[in-house]
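Letters are used for the chains, namely A, B, C and D, taken in the order the chains are written, and counting of residues starts over at 1 for each.
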Amino acid sequence: MEITSTDMEQFNENPLYRTLGIRILEVGKGSARGLLEPTEIVCWPFPGQPHGGILYTLMDTTMAWAILSGLESGYNCATIHLDIQYTAPAKGKRFYCVSKTVFRAGRIHFMQGEVRDAEERLVAMAQGTFRVIKIDR
Amino acid sequence: MEITSTDMEQFNENPLYRTLGIRILEVGKGSARGLLEPTEIVCWPFPGQPHGGILYTLMDTTMAWAILSGLESGYNCATIHLDIQYTAPAKGKRFYCVSKTVFRAGRIHFMQGEVRDAEERLVAMAQGTFRVIKIDR
Amino acid sequence: MEITSTDMEQFNENPLYRTLGIRILEVGKGSARGLLEPTEIVCWPFPGQPHGGILYTLMDTTMAWAILSGLESGYNCATIHLDIQYTAPAKGKRFYCVSKTVFRAGRIHFMQGEVRDAEERLVAMAQGTFRVIKIDR
Amino acid sequence: MEITSTDMEQFNENPLYRTLGIRILEVGKGSARGLLEPTEIVCWPFPGQPHGGILYTLMDTTMAWAILSGLESGYNCATIHLDIQYTAPAKGKRFYCVSKTVFRAGRIHFMQGEVRDAEERLVAMAQGTFRVIKIDR
């Protein structure tokens, strides 16, 4: 599935991303890059720090886009499992996530990703497995 | 830290929970029970299904409350790692999360949790480690 | 696949199990129970404590047996991922592992397991996903 | 702790490594490289393929050496959790593991590692957290 930057801009308008502060910046060849500019809403319980679940959501969705970039249309993907480690408190206005397919075995993709703050400090790292699924119509 | 139901009602008013549709129902003795009534906002990309990251957020925060229920005031906790498995598509209006401390080794808590839909069908299961931290003042 | 206790005794004679000190005690209905009586060989680097990798091996193989107990003959299973947490130092002569299929989604089994010492103290807990595979002949 | 190649040769003589077929090749600056030349004993239940628990043991111990290489003497480390994904069947005579500390937060090390066969094919990838501990004397 080719995903142009115009497509991506449209996807980025979905209410989930807009509410949390997520945007996918780049997608292609089994990798993706996403951005979290956390809204005030998601900075709880610590002011100025996005909730760990929001960093996870950034990670999970950036991994999914890395997979989608390599699929034919009519297919989507679903997370089987994701293991996330939080390395440092997430302080700041911007968090960048990079993810990639490390290995593909049939319909199963083995993914890796990390989230860094604007100063390149690692705040989370993850690995996970996703399953490619055919979209029912 | 004793957490009365009045306390909990107040905590449940935070903007993150309200925006996603999370509420903590019960807390005590190293366990907690949370509820997700997903708002429309979080049901993306599949209408009627909360994003996997939102189920994760429910899991993570319910685990944190299980830990907090056993801590003295002046302490909080932080996720070191969390491993989540998605067993079935999350369809429905209500998802219940149950979490508990399975073992405590000094400042590290080893947690387990699961999320079920209103028909008791398992949609996610997780285990994780959390670290107790002293709150800076 | 029905696995009688005579079958199991034969399986338990394999060189891997005998060298490490593993024995499967019970298998059936999506669950299994295994035992590690660690040989001197595997108690390294700490005398009297089996290496964490050996506890993992006990966990992984006990999970596999839980799955095998429910499969027709001609099928086997392979670990996709396994997440293990070590809760306490493993001291003692005997470690019991209990595992079960928590959920099955088509060919994917979602598993849970734990290892306790002879005093019932938890030393490791795990969750993992396995895939059922058809045996090539 | 400085670990010379003579030290390493001695460590490699321990009965666990010799029985399984493990050897640590290089250690230093927060990373390590290990080798598994699986003995016949560990190739069960599939002839010619080391058991997944043995690949795990290689991963876990190589990560531990990566940490040890940066510690002062009198300290050791213990696995808190390790998440391993198996990407492809492990066929062959030699498997190389590379591991590194990705981030260190006080006493907790966040690790990453992978195992490849002699043709560089990825067979397992992992991440984990380890805790530095003071050795009791």
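The criterion applied here is as follows: a contact is a pair of C-beta atoms (placed from the backbone, for glycine too) under 8 Å apart; a residue touches a chain by one contact, two chains touch by 3 or more.
Predicted model, so just to flag it, every value in this text is computed and none were measured.
Chains touching both chain C and chain D: A, B.
Same-residue interface: chain B and chain C share over half of the residue numbers found at their contact. Interface comparison, A-D versus A-C: the higher count of C-beta contacts falls to A-D. Separating the CA-averaged centres of chain A and chain C is a span of 34 Å. Between the CA-based centres of chain A and chain D the separation comes to 29 Å, rounded to the whole angstrom. Within chain D, residues 80-81, 83, 85, 129 each touch two or more of the remaining chains. Put simply, chain A touches chain C in their complex at residues 80-81, 83, 108, 129, 131.
Across the interface of their complex, chain A is touched by residues 14-17, 19, 40-45, 51-54, 56-58, 60-61, 76, 78-86, 89 of chain B. Interface residues of chain A, counted against chain D in their complex, comprise 83, 85, 87-88, 102-103, 105, 110, 112, 122, 125-127, 129.
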